[in-house]
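Residue numbering begins at 1 within each chain, and the chains themselves are lettered A, B, C and D in the order written.
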Amino acid sequence: MVLTRLIPLWIAIVSGVAILVSAFIRPMESWGENFTDTFNVIAAIASVLGAGSLLKANLAKVSRRDAGWGFALVVLGTFLITLVVGLGKIGVHPSHDFPQADFGGKQESADTPFGWIYEFAMVPLTSTMFALLAFYVASAAFRAFRAKNLEASLLLGTAFVILLGRTFAGVVLTGWLPDWASGLRLENLSVYVMQVFNTAGNRAIIIGIALGVAATSLRILLGVDRSWLGGGER
Amino acid sequence: MNRQRLTWIVIGVVFAGLLVVRGMTGQGLGRVYVQHEDVAYAKVETKSAQGAPTVAWKRVAEGGVADVRWQEWSAVPPKAWFEAQAKDPRQSAITLSWPRTIGLWLAAFFTLAIFSFLWADNVFYKFAEATVVGVSAAYWMVIGFWDTLVPKLFAALVPAVVQAHVQPSLRPVDDVQWWSMALALVLGGMMLWRLAPRGGWIGAWPLAFIVGVTAGLKIVSHVESDLMAQGLATMESVVAVVPGADGATDVGASVWGTLANLLVVVGVLSALTYFLFSVEHKGLVGGTARVGVWYLMITFGAAFGFTVMGRIALLAARFEFLFDDWLWLIDPNHLRA
Amino acid sequence: MSLLARLQSLDRRWIFLLMAIAVAGPILWSGLTGKTPPEQPTDAARRVLKVIDDLPEGSRVLFAFDYDPASAGELQPMATSLMRQCAARKLRIVCIALWPLGGNMAQETIAHVIRADFPSLREGVDFVNLGFQAGNEGVMKVVLTDFTKAFPKDTRGQAAADLPILQGVRTVRDFPLLVNVSAGYPGSKEWVQYVVSASEGSVKMIAGCTGVQTPQMYPYYPGQLAGLLGAIKGAAEYENLLNGVMGGDPAPKYLEAQRRMAPQLFGHLLLVGLIVVGNLIQFMGRRGTRA
Amino acid sequence: MDRAHHRLRSPWPWAAILVGCVIGWGQGQRAHADAGVVAGTAAAESILNEHRLPLAAWIVGIGAATTIFVWRARRGRPPTIRRIAALEAVDEAIGRATEMGRPVLFIPGIQDMDNIQTVAGVTMLGRVAKTAAEYDAAVEAPVCRSLVMEAAREAVQASCLAAGRADAYQPDRIHYVTDEQFGYVAYVGGKMMREKPAACFYMGCFFAESLIFSENGNSIGAIQIAGTAESSQLPFFVAACDYTLIGEEFFAASAYLSGEPDQLGTLQAQDSGKVAVMSFIVIGAVVATAGVLMPSAAWLGELGALLRKAMGG
């Protein structure tokens, strides 16, 4: 109980409050910045655990001959190959500035194996996955954006104004409006919407989130919420 | 199932046929050309003003005596190859790169494999999915090692090694950085203790540290730059006085400005009312909260409209890759003509 | 089966197909004919052009590349045009990145614009790429107090403190202009919050954002943000203006954003059409059940 | 157990807070003294950053409100909290998954543990896992950060214990996939299509993947409940999911679901913070407007400046 609950609780509260107080004390204002480095290093070390989990899950699939175990083999193979060529900087030439440093070269260009994998496997795969969104946006527009009530209609109407106002279609549709009514042209209307309604809505959301973050942090720092440690109520 | 397989086979055959036709017309398709460069450096020992020996590296011309040499390859547009071939059909300065050409076709295959998921889950998508998981997991671990562990942790704790093998220009770190890296190493080690058969609970300690510090940091940054800054931005005069071109007040613009300011203040207050938890949304509070919801919906609509723009641009970029880089159907950047 | 019923249970793959055609068709049209849809610049784009134009020659510009290849389709044209204007105005460009792959994007932009069209500019003197630094907002806070501590070396491995371009630079306040092209976190919002607000007006900022981020950046414009380019549309407007200023026949790479507006136009029209049809179906369906 | 629990609650956290303050302050003093010696100058400016005093006042204020409301709630005056539909639906969604014999999918966002939304997401995962353990439904949580995996396992294990179903905890159901956003999306998308979870929870920090997840979830007919503070993704969740926790509601979710008086008390503290901000906005805007309308009244300008200062201006 002491080792698994009390000490972690103390660690969290002491370190959190110390960093909170440090924000107000001049010589220590950089503590928070150093934490970012500390965190990144811990996360990089902890990636060993992630690798372990990935390997374990896929090896289990292969050894059990689960459905699709061949794909688990692909995961294992691509993972290990990329890891070995990347960590070993295999096929990487030295950098121009320090030809003497054997591991000083960059592996960004496609003439290194790691760079090749990045350019011809990772980039097309991830950016095509990202591009699928255009299709999902279309199907969501057809299916989900229905003027069911006033609230939904407002959402729809605004999306309309922005969609049209941000292409040449807006100019064609409302460009004929005379100068004194130029405020009603779609491209100008979309700017008003952004500057007035969107600004107000976003401000409220941002302020609300700030309070939510403050309360969540305080729940942790005051020891009110311990469920992140596992089991608040028992 | 059978019908689905048949559909795939038909699509595949038609597609392959079109590719063959495309390959035999015009300039063909999907090739990458490179030129190479020989690089050589020689070690030159000099003495600094104080008399201490220093080592410098000088680039030497082709054929010179060198201590380190290597070759570099860079891609050139196909146009360069066409021109070089036209001048001298036996030239070897610009050549077809097999690794990159294979890579290009692989990239095209992966692009189509991911798109095929829109039709239905299938074997190509599964293969692409397995590849992207394996490659990207390793990719980020490699980046974590060379871009975080080496320049931060190793540079602080074993600077001599980093200087000798990675970055000779490394400068020593200060005490605070040294301690924060030592702490990171200890906490990272505790994290890895999870792999040990006993005492895995110790991994909760670094997690507690991270959660605590995150809470401490975020409360400061969010209250300061979100709550206070956004509140401050709203505490402006509602009445806007806009001077016109002649120095007098521009009435029309002022009225519009005032209206806009008023709408912003009303919007912020009513939307904040929507977020109240300890009051039932009835009566005045309910009405105000409803107005707040209208504002939120307009905000979401605007976000939707803008997001769509970005998504279409991304899809366009993928199609351009297929049509331009791979199929050589279009040539917007004049790479081939 | 009636048309209505068929539409109500429409397989979403038909919609996917329509989207593919709406985007692929205009790309082929624009690629084969070399035409781009017409463009009408708005105030926001004009402001960006003016902010850069107003800087005296030789001013330092901090150019933050906070995106990666996944968003390059939308953001690269902005980065290209922004760097082109800075180089043409003879400003000294210092590139940095808070995204791991941002350093590469900076390198590519430099190759495309500076090395190709402004070969007289010297690396380390007129421009430099300081590459990626891990640490998100932490890095922003460090540049406020000690710039070269946050970015100790350039991508060639030379110590930043020794570079001619950075002589006299102590903090980020020594850059009159910050240009940020960003695809998310950390990005424009964080630069405004941590750097522009803290610099008490000594740093002006121009942001080029993805469509997703733009709505969140409007609250800061035109106050803390001197200029804002939103999504590919903003890029196209700015590109169009800049091509007008630079004169001559623009190279294809300087038409990228305007070319991309062709699929954009049809994509948007399709979405508007889909929303309309979707609502009509619902409306008619509801009337049907009532009757 | 109950006693130990109670002991944890009362003075100990306060002692820890005090230790934290002392460490922070003491280190500051020392660092300051060192700096003075090195620079060879007397400390001209106070080591306290007085520019940030308004910020300190806000944080202390919110902290004090939290303490007061928690104390009141413990004294037997639990607050009434309005109904949040998305959270009322959590049990229903898990129940449906149990009936259908399909898993529950939980995505705690795509950021690491240094993002407070992820912390809130993992907390929610604990709550969902507890209910699921009681109903005997399987919760699958693929994650894209190693540290999140560890934290999530910790939370789920404890929840299963708390539900009296230690056997329900299966660490392999919470597994790491890849740090890469779209690699992770490709994996989760495929998994959804193949395993067809009956309920999907998206709670944490999301970016572009929000719509890919929720459209795929919709196409397999899952009940979907989302919560995030990323305002750019809210429209997609609002449109494509059955229920969405918007911004601040997401941070309140864990406290709401716990049903504990202390935690509900913190929601009241959140509200008092909101009321304070709203009051500042109203008074500030009125004073600023009056200042514009009556430029001769200098006291209005001073009052306005004071109010702005309190907001960090």
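A few notes on this one:
Everything below uses one rule, namely that a residue touches a chain if its C-beta (ideal position, glycine included) is under 8 Å from a C-beta of that chain, and two chains touch if they have at least 3 such contacts.
Note that this is a predicted model, so its numbers are computed, not measured.
At the far end from chain B, in terms of centres built from Cα atoms, lies D. Two chain pairs, B-C and A-B, are weighed by contacting C-beta pairs, with A-B ahead.
With centres taken as mean C-alpha coordinates, the chain found closest to the middle of all protein C-alpha atoms is A.
Per-chain CA centroids place chain A at a distance of 10 Å from chain B. Note on chain placement: the centre of chain B and the centre of chain D lie 26 Å apart, centres being C-alpha means. If you average the Cα atoms of chain A and of chain D, the two centres end up 16 Å apart. Of all residues in chain A, those touching 2 or more other chains are 9, 13-20, 23, 29-30, 32, 34-37, 39-40, 42-43, 46-51, 54, 96-98, 104, 122-123, 125-127, 129-130, 132-135, 137, 139, 143, 145, 155-156, 159-160, 163, 166, 194-195, 198-199, 202-203, 205-209, 211, 213-214, 216-218, 220-221, 228-230, listed in ascending order. Contact with two or more other chains is made by residues 114, 117-118, 126, 128-129, 132-133, 135-137, 139-141, 148, 152, 167-169, 191, 194, 204, 207, 210-211, 214-215, 218-220, 222-223, 226-227, 229-231, 233-234, 265, 268, 272, 275, 296, 299-304, 306-309, 311-312, 314-315, 317-318 of chain B. Residues of chain C in contact with two or more other chains: 12, 16, 19, 23, 70-71, 73, 134, 137, 157-158, 212, 215-216, 219, 230-231, 233, 264, 267-268, 271.
Those residues of chain D that touch chain A in the shared complex are 1, 4-5, 8-9, 12-13, 16-17, 19-21, 23-25, 27-28, 31-32, 35, 45-49, 52-53, 55-56, 59, 62-63, 66-67, 70, 112, 114, 116, 119-120, 122-123, 126-127, 145-147, 149-151, 154-155, 157-159, 161-162, 172, 175-183, 185-186, 208, 211-212, 215, 218, 229, 231, 234-236, 238-240, 246-252, 254-255, 258, 260, 262-263, 266-267, 269-270, 273-274, 277. Per the touch definition, chain A reaches chain C in the complex via residues 29-30, 32-37, 40, 95-98, 104, 106, 108, 123, 126-127, 130, 134-135, 137-139, 141-143, 145-148, 156, 159-160, 163-164, 166-169, 171, 187, 191, 194-195, 198-199, 202-203, 206. Put simply, chain C touches chain A in their complex at residues 10, 12, 15-16, 18-20, 23, 37-40, 42-44, 69-71, 73, 104, 107, 134-139, 141-142, 145, 155-158, 215-216, 218-219, 230-231, 233, 261, 264-265, 267-272, 274-275, 277-279, 282. The part of chain B that touches chain D in the complex is made up of residues 114, 117, 121, 125-126, 128-129, 132-133, 135-137, 139-141, 191, 194, 203-204, 207, 210-211, 214-215, 218-220, 222-224, 227-229, 231-232, 234-239, 241, 265, 268-269, 272-273, 275-281, 296, 299-301, 303-304, 307. In the complex of the two chains, the chain D residues touching chain B come out as 52, 54-55, 58-59, 62, 79-82, 84, 113-116, 119, 147, 150-151, 154, 176-180, 182-184, 186-187, 189-190, 193-194, 231-232, 234-236, 238-239, 246-249, 252, 256, 267-268, 270-271, 273-274, 277-278, 280-282, 284-285, 288-289, 291-293, 307-308, 311-313.
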